[in-house]
Structure formats: structure tokens, C-alpha cells
Amino acid sequence: MITEFDTSLPSIRQLQNLIKQATPVEIKLLTGDKLTGRVIWQDQNCICMVDENNQQTTVWKQAIAYTK
Amino acid sequence: MITEFDTSLPSIRQLQNLIKQATPVEIKLLTGDKLTGRVIWQDQNCICMVDENNQQTTVWKQAIAYTK
Amino acid sequence: MITEFDTSLPSIRQLQNLIKQATPVEIKLLTGDKLTGRVIWQDQNCICMVDENNQQTTVWKQAIAYTK
Amino acid sequence: MITEFDTSLPSIRQLQNLIKQATPVEIKLLTGDKLTGRVIWQDQNCICMVDENNQQTTVWKQAIAYTK
Amino acid sequence: MITEFDTSLPSIRQLQNLIKQATPVEIKLLTGDKLTGRVIWQDQNCICMVDENNQQTTVWKQAIAYTK
Amino acid sequence: MITEFDTSLPSIRQLQNLIKQATPVEIKLLTGDKLTGRVIWQDQNCICMVDENNQQTTVWKQAIAYTK
């Protein structure tokens, strides 16, 4: 599943700002999982998060329902 | 998952009108979640909503079942 | 998820006829939801239905399992 | 979700043969539904089936798990 | 859902080898179904399997979680 | 579902490093399955893993929720 990775898009810019400001975020997945942490990078396929225990999780964008 | 983001399409125009008129909307997701609020922006990947507590939720279009 | 929106396709023509003849239809979604009503418009992304209480629902084609 | 609709493909030819020979088929969907009947047409988006009560069901290919 | 059907890809070559060597394989689907048997052909859309009772099942690649 | 297979992408490079360093990884699937093991190869469609019993599993990227 290819997402549009055009940095002028609000959805991409929103994630870039979350990365810059290291804002905590909650990501709900299609599996029902809720992951919380800070986003450290994103690309066409994935978003990489770090939780409070410094554990990295690479979330595949295809599985995202919403972010808060 | 790329949606068609052609603003002449009824589905895109409908969301644009919801944004302009700040109409409350209900979005049912493939996870079973039902989100209610006002749509504040949309792009190829996402729809951003604000609920009555001013909490922002960025919904990924790939996860939408229907909107009411 | 882009569907093929070529009006020569039987699947697209079938929906056009349902719209013209205002035939009641049942749509089963990947969420398990069953929606019934009349289809009033369709495009690459969505199908808009009206139920017997005149409530509009915009169904995202990506979430459709089958129509009857 | 666009499927490859190249009639030289075994998967497309298999469905064409099922249509020509009116062979009964079982289709399992991602919803868990199992539909049985004869395939009467197919295109990029859908497969149309008729069951033993002559009820037509248009199955969206995106929702198919397997056919038997 | 179009998969990459480039026969130089390890994933496509792996299936070609399973076909040539008639190796028994287990396929887990997004529905939770587990199908076992020998793969007899594959294309962009599907993988066709035969089980020990010679029953053919055409699995849609879009529904595959993993193969063992 | 085609993923972007550009080796300059962080998500693809991350998997290449996991392969090179034979780092144990956990992959959560949309089915709810959690697979653990070492990644031995990846391509546009799949990731191949080997578990501690040397059992190979070819995971289809379309079914991945996240990797840890």
C-alpha cells in the first residue's frame, strides 16, 4: 500500500511536526493495538516510534486507523 | 492506499462542504471505532477531525468504512 | 484504494442502473455492517446511500464485501 | 484495489471457465462469509454470482480470501 | 491489490520452486484460515493449491498473511 | 499491495540492517499473529524469517502491522 509522500500534504507535515517537536502521540492500528510514544522518522511505508522505555517500534502505515 | 483526490469528485466535494459548513459527522472505521466531530482538513491520506473537547484525531482514509 | 471507474465495466454500470431505477440494495461491509437503502451517487472512492429515514451514508468502496 | 485483469492470467481464465461451464463455486470472503453459486460475470472490481434461489450477489474482488 | 510479479524476486522464485518441487506448504490467511497443500500455479492475483484430497483452492494473494 | 522498495528509505534500510546483523525481531500481523526470529531476506512483496527451530516463514508485507 503506497501512501502519498508529498511533504506539502497536511498529513505528512503533521507527522514531520510531531517528529520535530517530539510530541507524544497515540497510534491506533487496524489490529486494535494502541501504541504511544514519540515519532522519530517516517517514510512512504512506515512510521518509527520510541516509547517511554526507549523501545523502538516500526509501524507500517498500511495498518494505521488513526493518530491522536 | 491512495484515494483519488480529484476535487471534482462528489466524495471529495462532500468532505470539502463538511469542512466549510463545520457540520458534525460520524466516521465508522474498519476497526469498529465510531468517531464523531467536525472535519477540519483532508488530503490523499487522511481526514483530520476535532471532537467536542477540541481533541484532534487524524483518521487514515484507508481505515474508513463509512461516514454519516 | 483506487477502483477502476470505467463506465463500460459491468460493476460500474450495475451501480449506475441501481441509481437510475432507485432500486433498494443491501451492502455488506468488511466491518460486518449491513447497510440497506437506495444508491444516489458513486465515484472512484465512494457510494452514497439514502435509507428509508432519508439518512445519507457515504460508504467507502474499499470497505465493501458485497452488494445484493 | 485494482486486480490485474489480463485474460491471459490463469486466475482470470479460471473465472472465465467457471462462467462458461456454469460450475458451482464457493467464495470465502475476508468477512468470514462463504457464498456459493454460479459466477455470471467478472470485471476488474467484482464477480457477480447467482445462488440456487436466483438471487444475485456482486462480490468485490478486494474482499475475496479464496475460491473453491 | 497488485503484487509485484517479477520472477527475479525471491518471493516469486520461492513459489516457483514450491511448484516445481511439489513441496507441501501451509498458507495462513487474513481470515485466520490455514490452508495446506501443494501449489500448482501462481499469477499476479492468485496462488492455486491442491490438498491431499485433490481439492483445488484458488487463494487470492491479497488475503495472505504468511506461508510456511 | 506494492510497498515502496527504494533502498534509500529508512524502512527498507532498517530491514537490510536487521538482515546483516541477524538481529532477532518480532513482527505483529494484521491477523494478530506475533512472529519472532531473524530476517534472512526481503523484497517488494515479502519478508522471510527463520525462527529458533530454523523454520522458515515468508511473511507478506501487506499483512504487517508493526515490527519491533
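We call the chains A, B, C, D, E and F, going by the order they appear; numbering starts again at 1 in every chain.
Methods note: a residue touches a chain if its C-beta (ideal position, glycine included) is under 8 Å from a C-beta of that chain, and two chains touch if they have at least 3 such contacts.
Per UniProt, the chains are A, B, C, D, E, F = RNA chaperone Hfq.
From a predicted model like this one, the values you see are computed outputs, not experimental measurements.
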**Chains touching both subunit D (RNA chaperone Hfq) and subunit F (RNA chaperone Hfq), listed by label** = E
**Message:** For subunit E (RNA chaperone Hfq) versus subunit F (RNA chaperone Hfq), which are copies of one sequence, does the interface use mostly the same residue numbers on each side, meaning over half shared, or is it different?
**Reply:** different
**Prompt:** Between copies subunit B (RNA chaperone Hfq) and subunit C (RNA chaperone Hfq), what's the superposition rotation on C-alpha atoms, in steps of 5 degrees?
**Reply:** 60
**Request:** With chain centres taken as the means of their Cα atoms, state the distance from subunit C (RNA chaperone Hfq) to subunit F (RNA chaperone Hfq) in Å.
**Result:** 37
**Chain centre separation (subunit B (RNA chaperone Hfq), subunit F (RNA chaperone Hfq); CA means) in Å** = 32
**Centre-to-centre distance between subunit B (RNA chaperone Hfq) and subunit A (RNA chaperone Hfq) (centres being mean Cα positions), rounded to whole Å** = 18
**Interface hub residues of subunit B (RNA chaperone Hfq), defined as touching at least two other chains** = 1-2, 29-30, 62
**Asked** Touch graph across the chains, line, ring, star, complete or other?
**Response** ring
**Fill in**
From subunit C (RNA chaperone Hfq) round to subunit D (RNA chaperone Hfq) and on, the chains in turn are C, D, E, F, A, B
**Request:** Flag every residue of subunit E (RNA chaperone Hfq) that touches subunit D (RNA chaperone Hfq) in the complex, lowest number first.
**Result:** 1-2, 5, 29-31, 33, 35, 41, 43-46, 48, 55-60, 62-63
**Message:** Taking the touch rule as given, give the residues of subunit B (RNA chaperone Hfq) at its contact with subunit C (RNA chaperone Hfq) in the complex, in rising order.
**Reply:** 1-4, 6, 9-12, 14, 28-30, 32, 61-62, 64-68
